[in-house]
Amino acid sequence: MNARLVHFVWSHRLGLLVIVAVAMVLIFPLVTNNPYTLELTNRIAIISLAVVGLNLFMGSTGQISLGHAAFLAMGAYGSGVLTVHAGLSPWVALLAAAVLAAFFALVVGVPLLRLSGHALAMATLACNVVVHHVLLQEDQWTGGPSGLAGIPPLSVGGILLDNPVQLHFFVWGVLLLVLFGALNLVRSLPGRGLALLAADEIGAACLGVPVLRVKVALLVLSAVLAAVAGSFFAHTYGYVSPDSFSIFVSTDLAIMVVLGGMGSVWGSVLGAAVIILLPEVSDAAETYKEFVHGGILVAILLFAPQGAMRAIRQGWQLAVWRWRRAHATA
Amino acid sequence: MRRTLWWLVAGMLLSAAPVFAKETIKIGAFFDLSGRAAFIGTPTKLVAEMVVEALNAAGGVGGKKLELVIADTEGDPAKAATIATRFIHKDQVVAIVGPTLTDEGMNVKKIVHTGRTPVVMTVGGDPVILDGEKFGPARWVFKSPQRSSTAVERLFTYLKEKGLTEVALLTADDGFGKDGLRWMEALAPRFGITFVAKEAFGARDTDMTAQLTRIKHAAPKALVVWTIGPAGAIVAKNRQQLGMTVPLFQSHGLPDPKYIELAGAASEGTRMPATKLLVVDELPEGDPQKPVIQDFVRRYTERGYHKQFPINTHSGYAWDAIMLIVKAMEKVGTEPEALRSAIETTKDYVGVSGTYNLSPEDHNGLGVDSMVMVEVRDGRFVLAR
Amino acid sequence: MDWMQFIWAGLGNGAIYALIALGFCIVYGAMGIVNFVQVDFVTLGGMFLYSVAVTAGLPVPLGVVASMVGTALVAMAVERMALRPARTANHLVLVFLTVGISIVVRGAIHMVWGKNRMAVPPLTADDPVRLLGAYVLPQTLWMMVLTLLAILALVWFFRGTPLGLAMRAVASNPRAAAVVGIPAGRVRLAAYAVAGACGGLAGALVTPITTLSADVGVLLGLKGFAAAILGGFGSFPGAVVGGLILGISEALAAGYLSSAYKDALAFVLLVLVLAWRPQGLLGR
Amino acid sequence: MLRLEGVTKRFGGLTALDGVSFAVAPGTVTALIGPNGAGKSTLLDCLFGVQRPDAGSIRLGERELVGLSPDAIARLGLARTFQNLRLAPFETVLDTVLVGLVARQPFSLWAGLLRLPATRHTERAMRLAALQALDRLGLAHKADWPAGVLAYGDKKRLELARAIVAEPQVLVLDEPVAGLNRVETEAVASELRRLRRAGRTVLLVEHDMDLVMRLADTVVVLDGGRRIAQGTPVEVQRNPLVLEAYLGQMEVVA
């Protein structure tokens, strides 16, 4: 009986996980409707959107991008500039910003993806620096260093998304859809090809994975997701400023991927949550906060280099195995 | 009437349950303590703690102790927004002081507006207290440092007096520098000032000889530099290196003994607008600010803060920010809307950085008379002649 | 003779970028990773100089030596305590491990030296000298001379000492080096020490000009990394050439094009070079 | 029919392949042998588009393969195993074999993201095919193990399973029994025999002369980048050039 239950749970683990996730998202605002908590969780959801995309790129190509904040910026500023200066509706602006980011990723991606390793990391970082600089300098459009305010919130079916609870359902709903898509992709046949691509480019190519096309496609996909996240960011806060999209934000995004585990879809959310919640924890340590912040980061990378999600999964598998063995002997 | 009622309620609560006696009035204070402006945010935090301690030693506000809830924005606007939400909804503070940077302040405006909590900011930029579509709601936002426009007016008045009207501008490309540039361009015609060169540099740049060389060719009568932090000192050193003799004027961001320390002999003769805090000894006896400033300086040095953070023109802003809140609180208590309008109608509060007269149109309340021109002479700041 | 003024400014900064880039290359050679703690080695160099020359009041040249030694010791501690226990050979994870270490080191700097800006004395008096039609600070000349000396010392180290030769062997073929019994641990430790000394020297030389604060190394370090990539990551002559090109092009951009966009122009140049030559200017 | 004509590849001054020509007839096992450094690996790299030959042509049926990308070549029906294992260690054994089917389908990220019912159906069919391939090589009971934890012999067989699952037109095996013990080698040999019976076309690159002699229909001998002999196993065994090439090698080894 018990064994059958375990088998059922195991074989339907993904479906069950999705059901549990949806249920948790639905129930969460009933448990706490404190705007502070919701602001944090909403931010986790928004950033996770970008991290899932970046993780698909990094996890499948094994390459670092240190420039994804530039795509976030394109979404945020695209939304901001088009709504504030051109008076477009938020959804149109969001769409236009996503298209812009996709186009930029395509143009930059084709020559740059010939690079690999540190050169690619540096090149993406350089793109980020340039975009950041444009945001600072072109102040008649971007508001320069003091930022761009007065960005209207999104609305869905006539409901204005301007309070944390409505935003919660919206951003987590979108994130779950994206996660679902990403999980599908990872489990699909092309997804298996991507997993091999991460481990071995030539091997993957010889098995029929169109390497350059896939790399560019994933860069574009991750750029679009980052741009959408940036747009949500802009419409949520109603304000954007260049330093929200500096290279340090890019490194943070990459750290979220590595922390959660490259190629792990759920790990993306976990990594985003850890990095966003870390200051809330380490703030309590006041003078020692940088030690706590950096120390936790170092500890996770030292002791769970495969990523937090895989470490958890391995722990779980170990537990299941032990349980099975105990019941086999009994 | 209302005040007595409040006192009455407070008194009843105090006598009724000793546990309530411990209840405090919470003020949220968030500054950049580890980010790019930690060197401004950290002393601001120290001063905020100092003023709260002083107030509590004097009996608190209406018999209740003040409690400061401190947080670190890390120079990140998104982080600042999170902290502001936490202050309002979790810590349930009555009012907020901070943050340190203009873009942090901008990202907080909407939150304090919907959260109905007054905030007195210690940021340099003016957009935080501008209201409207382009700037976001400013109804609940105040700021204690002078507006950039005030400092520009003070400087331009001085330049006009001295007949130094052909000016070369060298501005940082951060928020502070751009704000200054915007105001200088807007106010120049009124003072008959023309610009013969306009150059920019990054706030973290380490060499401005290229920009200064171009300025040198424009042969201005005065060189105005608008920045905050060490870049100003580097400009001073580069100017000396290139053998330029054109008089150097800095912004109100630089009156700081650190500037003299960093620029060394190159700082000699630099003039800049500043609060009276730096030249308190030279103030006439009748100046109402003199005793306030002297008291502030005494407390600051008693605690030994001046060893790492020598008193500069920004030192008093956190003091004034908290005092603006406390003065209003003493009048009307802690009900948000009442507190907000009490801050908005503050009149003749004599603070460290000037005499504040706020109004619904002016959420800063400091005029040109709150600033003086100072000059570096023999390694210290004195009133400029 | 404006251009001469710009060239001097560029050479000074370029020498520092080159020194930092060398630090990046040395660790890359030994471990195959980008060591982001290099950024803090630069800051530490300035801090040690401050402690020795200002706080303790000792002569500045002694301070420069102390900052090289001190930073090298810190670098060795970082390698020994934080990188060696890592349970992975995955380069990506190690790179981000160094980012985490960098946060901790910066926290330590904040605690020991505080958060305010500091002034650091230059090696010799601050009066500019007139050289080839430009005004040059003596410190700029020191930067160039000492960087050159450091490069010569490195050449000697890598060509003339057993440890240096071992490090070169590891850099060119790690597996073969392991087979012939070169102790990987000692090589990594030595690489960190040398990289730390390079960063420390750069910090001690540049902070009298830039002024000193806990994050002074971040932007400089970034430019150093860019210089290393520009020249071809891992190539020592490439690091020097990359540093100088970056420094000079920055100064010329500020002088002749747009001072507002000069930082961006340096990075645009970098991207263009990489698109043309993915392995960098002098990379293999 | 896979036909190579005058394939030449130079690395700097070194000529790795010097006008190599031979053909692999359909339904046969062709073995490619030669001492170390003879150019076998370079030849395979050229065949799969990893390297581009400087001259010559490689045709599969009527299609010219030179100039195509590796994935395009894989899609035309060439599959291979690798001398040095190329496996993703965290993927399960079953998933690893599934990757062998990537070339059989258009590579669409969209289809993966949306997971339409049609995709689901084909993937179920592919899973079945993958399990069958595993079963034939005796790995079915380890289908949910991570590939990284398998023993070396199992990994070799896993790669073989991955290569045959797509039923390619030409199967290229790069040293499939190197490092295997006798029992394991025998398992691979019987699988190869089964493939030949089923009419598969195989290009076998192998050191194990015993295996080559037992299985191959035709043997091609490379030395120093040139084809020095071609024929049936018996013919090749008697060829003095071949003996010299191998004996010379042996002397070096001894």
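Going in written order, the chains are labelled A, B, C and D, and every chain counts its residues from 1.
We take it that a contact is a pair of C-beta atoms (placed from the backbone, for glycine too) under 8 Å apart; a residue touches a chain by one contact, two chains touch by 3 or more.
All figures in this text were calculated on a predicted structure; none of them were measured in a lab.
Both chain B and chain D are touched by A. Chain A has the Cα centre that lies closest to the mean of all protein Cα atoms in view.
Work out the mean CA point of chain A and of chain C, and you get 33 Å between them. With centres taken as mean Cα positions, chain B sits 37 Å from chain A.
A straight line joining the Cα centres of chain C and chain D is 48 Å long. Look at where the CA atoms of chain A average out and do the same for chain D: the two points lie 39 Å apart. For chain D, the set of residues that touch two or more other chains is empty. Counting partners per residue, chain B has 34, 36, 173 as the residues that reach two or more other chains. Multi-chain contact residues of chain A (touching two or more other chains): 137, 289-290.
Counting only pairs that meet the touch rule, the chains in contact are A-B, A-C, A-D, B-C. By the touch rule above, chain C contacts chain B in their complex via residues 2, 5-6, 8-9, 12-13, 110, 114-119, 126, 128, 135-137, 206, 209-211, 213-215, 219-220, 251, 254-255, 259-260, 262-263. Interface residues of chain A facing chain C in the complex, by the touch rule stated above, are 58, 62, 64, 111-112, 114-115, 118-119, 121-123, 125-127, 129-130, 133-134, 137, 247, 251, 254-255, 258-259, 262, 287-291, 293-295, 297-298, 301-303, 305-306. Considering their complex, residues 28, 34, 82, 85-88, 90, 92-93, 95-97, 99-108, 110-111, 222, 225-226, 229, 233, 260-261, 263-264, 267-268, 270-271, 274-275, 278-280 of chain C touch chain A.
Only residues 34, 36, 70-72, 74-79, 81-82, 85-86, 88-90, 102-103, 106-107, 109-110, 114-115, 125, 127, 132-136, 173-175, 178-179 of chain B touch chain A when the two sit together in their complex.
For chain A in complex with chain D, the residues that touch the partner chain are 181-182, 184-185, 187-193, 195-196, 198-200, 202-214, 217-218, 221, 263, 310.
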